[in-house]
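So that you can tell them apart, the chains are marked A, B, C, D, E and F in the order they are listed, and the count of residues begins at 1 in each.
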Amino acid sequence: MPTVREIFDTIESWAPLSLQMSFDNAGFLLGHGDRQVTRCLLALDVTVPVIEEAAALGAELIVAHHPLIFDPLRSLTDEGDGRKALMLAEKGVAVVCMHTNLDIASGGVNDVLIRLLGAEPEEALDADGCGRVGTLPAPLPMEDFLARCKTRLQCAGLRYHDAGRSVRRLAVMGGAGGSALRAALEKDCDTYVTADVKYHVFLDAAEQGINLIDADHFCTENPVIPELARRLREVYPQVVFAVSRVHGQTARFF
Amino acid sequence: MPTVREIFDTIESWAPLSLQMSFDNAGFLLGHGDRQVTRCLLALDVTVPVIEEAAALGAELIVAHHPLIFDPLRSLTDEGDGRKALMLAEKGVAVVCMHTNLDIASGGVNDVLIRLLGAEPEEALDADGCGRVGTLPAPLPMEDFLARCKTRLQCAGLRYHDAGRSVRRLAVMGGAGGSALRAALEKDCDTYVTADVKYHVFLDAAEQGINLIDADHFCTENPVIPELARRLREVYPQVVFAVSRVHGQTARFF
Amino acid sequence: MPTVREIFDTIESWAPLSLQMSFDNAGFLLGHGDRQVTRCLLALDVTVPVIEEAAALGAELIVAHHPLIFDPLRSLTDEGDGRKALMLAEKGVAVVCMHTNLDIASGGVNDVLIRLLGAEPEEALDADGCGRVGTLPAPLPMEDFLARCKTRLQCAGLRYHDAGRSVRRLAVMGGAGGSALRAALEKDCDTYVTADVKYHVFLDAAEQGINLIDADHFCTENPVIPELARRLREVYPQVVFAVSRVHGQTARFF
Amino acid sequence: MPTVREIFDTIESWAPLSLQMSFDNAGFLLGHGDRQVTRCLLALDVTVPVIEEAAALGAELIVAHHPLIFDPLRSLTDEGDGRKALMLAEKGVAVVCMHTNLDIASGGVNDVLIRLLGAEPEEALDADGCGRVGTLPAPLPMEDFLARCKTRLQCAGLRYHDAGRSVRRLAVMGGAGGSALRAALEKDCDTYVTADVKYHVFLDAAEQGINLIDADHFCTENPVIPELARRLREVYPQVVFAVSRVHGQTARFF
Amino acid sequence: MPTVREIFDTIESWAPLSLQMSFDNAGFLLGHGDRQVTRCLLALDVTVPVIEEAAALGAELIVAHHPLIFDPLRSLTDEGDGRKALMLAEKGVAVVCMHTNLDIASGGVNDVLIRLLGAEPEEALDADGCGRVGTLPAPLPMEDFLARCKTRLQCAGLRYHDAGRSVRRLAVMGGAGGSALRAALEKDCDTYVTADVKYHVFLDAAEQGINLIDADHFCTENPVIPELARRLREVYPQVVFAVSRVHGQTARFF
Amino acid sequence: MPTVREIFDTIESWAPLSLQMSFDNAGFLLGHGDRQVTRCLLALDVTVPVIEEAAALGAELIVAHHPLIFDPLRSLTDEGDGRKALMLAEKGVAVVCMHTNLDIASGGVNDVLIRLLGAEPEEALDADGCGRVGTLPAPLPMEDFLARCKTRLQCAGLRYHDAGRSVRRLAVMGGAGGSALRAALEKDCDTYVTADVKYHVFLDAAEQGINLIDADHFCTENPVIPELARRLREVYPQVVFAVSRVHGQTARFF
């Protein structure tokens, strides 16, 4: 059976930590590197239900996207922000998080996202290597593209600005990507799919005349998780790699 | 006929500039203070269509919520961020913006918002005096409260987390208020209505067990605009105070 | 049996956290506040041998002086600085650290130290409330005072500058206190006992003509530990409060 | 007729914006780039009388040295620092400012200045490329050189320190250049002509033994303006390029 | 005979060091406090000729306005900025400097200056207590006031802006005071006398319509020196207090 | 006879100032560069007794390791930190200090130290070029190595941690070097000799399992002083180079 460190090293060979952005804290974040892994749970976030799911599964490791520890911890008690780290240490479940390195890496969050929406990634969207730009084989009316997003990303709902253009040249950035709207314009995109888009970015899209779709943070990033499970199963067929069933889209639409 | 400065002074007596937050740039931002006003357009933002609407109306003044100039201007050309200021100066339309001072002021954005949702404002939500906390006369099931928000705020759609509690003690903050979620919890609210809510705030709401509703930035702030028009008409019956018809909710739902 | 939080609250009533210096991280740092305590180990530091001693003793709690977490933790693995926190969480041993608040508090590190050396504390040494100043009942020749330090503080050796004066008015600061030499001079002390004294401070003592004794960081702070155990036993007679036997003076003399 | 942007591009090809210093705000600062220019006024500064002169002339463009906007503008009203920008936008006069890029550029402020004083520019004076150093064909007594400065720069008066040396190797910096006195010494100059010289710089000149002449900020920079007009007329013979008659030396001498 | 420290204490009782501005370094700057003084030289600056004058006079002390040490010294060799301090230490001449404390103090630089120009000081000009505002007994035509400045301050020349107003309400600030022009306007002054005035301040004076006179840094500050000598002679009749004959106005006019 | 500057240049050719660390102030710090030197005193520090020793010797120059001026001087009086500089200027004794440049230079502090302890320097210890790493010809029991340190460095006493390993691969850093403990571990050293070691560094040595010896700041740096004297005598046989007899180990052991 592989150890926690071996599985970490495998994923890190796909998404090197050196790629991560300066503010980030991706990496092997909790547990013993030499512990053998028979079951591993993959999820976008390490929430309390995900920790309980891992324990119920008998998993020795959780692989997640968002860092378990982002603001460094000053304590590890049941009362504060270190609560989940304490819980994991007590249950003996290790944690590996691959965040902006997986956003940027080839075959990572954004490559998976743009392919799912029907385009091959041609280049990165921003100067950090995040996001992707690609071209659909043929133009698609905006309404059909919205339906495609909703279906393929499994969103309960979408928020969007329709600039009155059909969709052909596409920019995507999984997660919060509002600040890259201008980069999408500079790359001559007619449509930008991202999430956590604030009001003034929608206003800017209207002024600049670009289609903008907020397809939910979870829904634009989560597609990489089953893909990661699939790749890990190929390398370690003897290990169970399960995708979380308790962690899904957080916001609902009305 | 009153001058631009007189109308500014009137609004400022309702929402003193001294209330505004340190990063803000509310105030009399463009034009001649001694110009007489016969027609005035009110809108949440000074967009290009709003400027054209004002010109078509023959308005000498626009009163808006979001500052026309937020990042100080280094140029005023048709090519850059000073484009709208140049356009306004050329068309001879003055601009007054009342932003965080109007969020905080008694009778401002947040008082109007909470009353519209059925509660009297009892106290401010955060330490800056922004947001409001109040209590509904009787508990309302979450689904009914969502419908009320959608109807009264005229939202095309809502995003929300349902914590499985009915709505009784309510916190609101017009515009982007995700960072005050913890303040709502500390004030024992069961439900928080705000906008521009990011994914990790929805995650936090789920972990903390509070109803959270993202009712759109425009829709949670705009109700103050007709109220402001109403109060100005009382003071200056001889002036036409029109509410913008071209500026509405930016994001659509699918 | 009292809980971890109850014991923490008791010590905190003696040395309030509000006293601690701005850079410090004293407090309830690891574990569950509601866990019942039957055995508690007290030690100056949470070293690996101290953790093993606590586990062997069956202690649910360690009370220490130096913070287990000083630089906030970015990970909790067996490879990095979070190694001891991981080990404690796995073994189910909680940790409470009382650092500069205990230095400053009445009855804390410095009161115990100056009394042990034969003087009643009269006032704090520095502006932060740290250190103490007091007067011996009668002057003591430096050589006798050095012998007293060595015996009562149980130091293996001492480093000192003898200014040719006998000892009467005494300043003390447990732990690293070189920077308070000038404060000792301003308070008309003839002798200053502290630890971790650097060369240029010895040079300064020689130029200023004051006796200076580096009596070891451990030896000047540790006397508070058995005193703390004694006071806790009075409050909680049903709990075993043990003082570490494996943690002692680190540096040896040759 | 050329547009504002075409004229800007022409001047920018002579004094590229990339040369400007980090604190500066040179460039196309106000108006419409596509507006056609039939008349253009050139002046060292965009003062209120210069704006009125441009309007009276029917000029569509002012080309100036000192930036119209230096501290970025937070408002554009008749009451504050944005007053002149508002006035220009209302009158439909565009503004192009070429500041430290024109100081540094070949053929710019300092090349014109040193040639006017009788020397060919040999090298820049400071590390930023500002100022020039050159050699007179033959040494000149200081008194004659002072007379030459007064006549050729059209100064009403001069302030100077006479180090008792004749003038041969000359440093110049148009505008405020006191801080480059040491650079002039390092380049073995016997005489330094600049402006806005403070007392301690005169003291330093006396201690270092170098002739120092404060020949007025306006008078040392303005010679570039007619030269710029001359070069523009060559490129655009169909456009009227007028040099301001209302802007001159501000300080008078008594 | 009084000591250096006694004379320093006397002057400091007139111009307390606590008044000095945060960037300043006024005080007893060089020498032995217990040295007896039989002869003392007073000068605006400690220049090399002033040091030689003091030595030739047999003075044990120089009292000056501008600090001998402004930027703290990293060396004291004959090659660098510490050259004058080294020279003074070798010659055994102590130095006391009274700078912004003397500008601000009652009876100091600015009180002497405004009285010399014909007005009683009424209040400070700026928020730091620097500069003075006063009123002439009767309005004076600008030309007459310029002549008065030149005569009474013994300036070789003046630079000025004439706003076309006669002189009645007067602001003064000895030394470099350009940045207080707006303060003079706020205090309803028609005329401001200061020194080291830069071009953009002259432009501002022209736009604001205020008379502005640059009457030389030395000439506006030096009047306090003989006044200081006079007061010291009263206290210490047995000591020779000489005013420097070698230090005068540095810049000449042409 | 050579001048102060010539002797400075000679030492600087051995330990170039460009090597010194950014916070340092090594160099020719006080006096006249052109003064001829017949006698020169060498000492680790410029203390008051060393100054008096130099004066008694008739020395024109002191060469020392620690900078006479470290925090730049704001005054030079008998009352403050500039006291020694004033004293030296008055006595006509120049000062040259070679600090971190001599730590880093080949043949400097650390090369002399490691050779004295029995190993040839192989490489620098830290990234700044400070400290040295070397290998003993044969392993030595820790007790014997402690005795060697005490004898060869002439320490009155030592503080140490014995990790239970014999001494073979050695790291040294003269003066305060506690922060380089991790560097010694990374270079596979079993033993580290330095000074001014604080408690938490001894704790770290115990946790990491490395022998650590605090052999006194003076004793680890001073061996370079007689070596420097020897080298200077070779270059300038006509000059007396004396090593201080009054400056020695400051701290004593009990």
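In this text, a residue touches a chain if its C-beta (ideal position, glycine included) is under 8 Å from a C-beta of that chain, and two chains touch if they have at least 3 such contacts.
Everything numeric here is computed off the predicted structure, so don't read it as measured data.
Participant: Out of curiosity, which chains are bumping into both chain A and chain F?
Facilitator: Shared contacts of chain A and chain F: C.
Participant: Rounding to the nearest 5 degrees, give the angle of the rotation that lays the CA atoms of chain E over those of chain F.
Facilitator: 180
Participant: Which whole number of Å gives the spacing of the CA centres of chain D and chain F?
Facilitator: Each chain reduced to its C-alpha mean, chain D and chain F end up 55 Å apart.
Participant: State, to the nearest whole Å, the distance from the C-alpha centre of chain B to the C-alpha centre of chain D.
Facilitator: Computed value for the inter-centroid distance: 47 Å.
Participant: When the cyclic arrangement of chains is written out from chain A toward chain C, what order is obtained?
Facilitator: In ring order from chain A, with chain C immediately after, the list is A, C, F, E, D, B.
Participant: Would you mind writing out the residues of chain A in touch with chain C in their complex?
Facilitator: 25, 27-34, 69, 71-79, 82, 85-86, 89-90, 92
Participant: Which bits of chain C are touching chain F when the two form their complex?
Facilitator: 45, 47-48, 66, 146-147, 150, 157-162, 175-176, 195-200, 202-203, 206-207, 214, 216-218, 250-254
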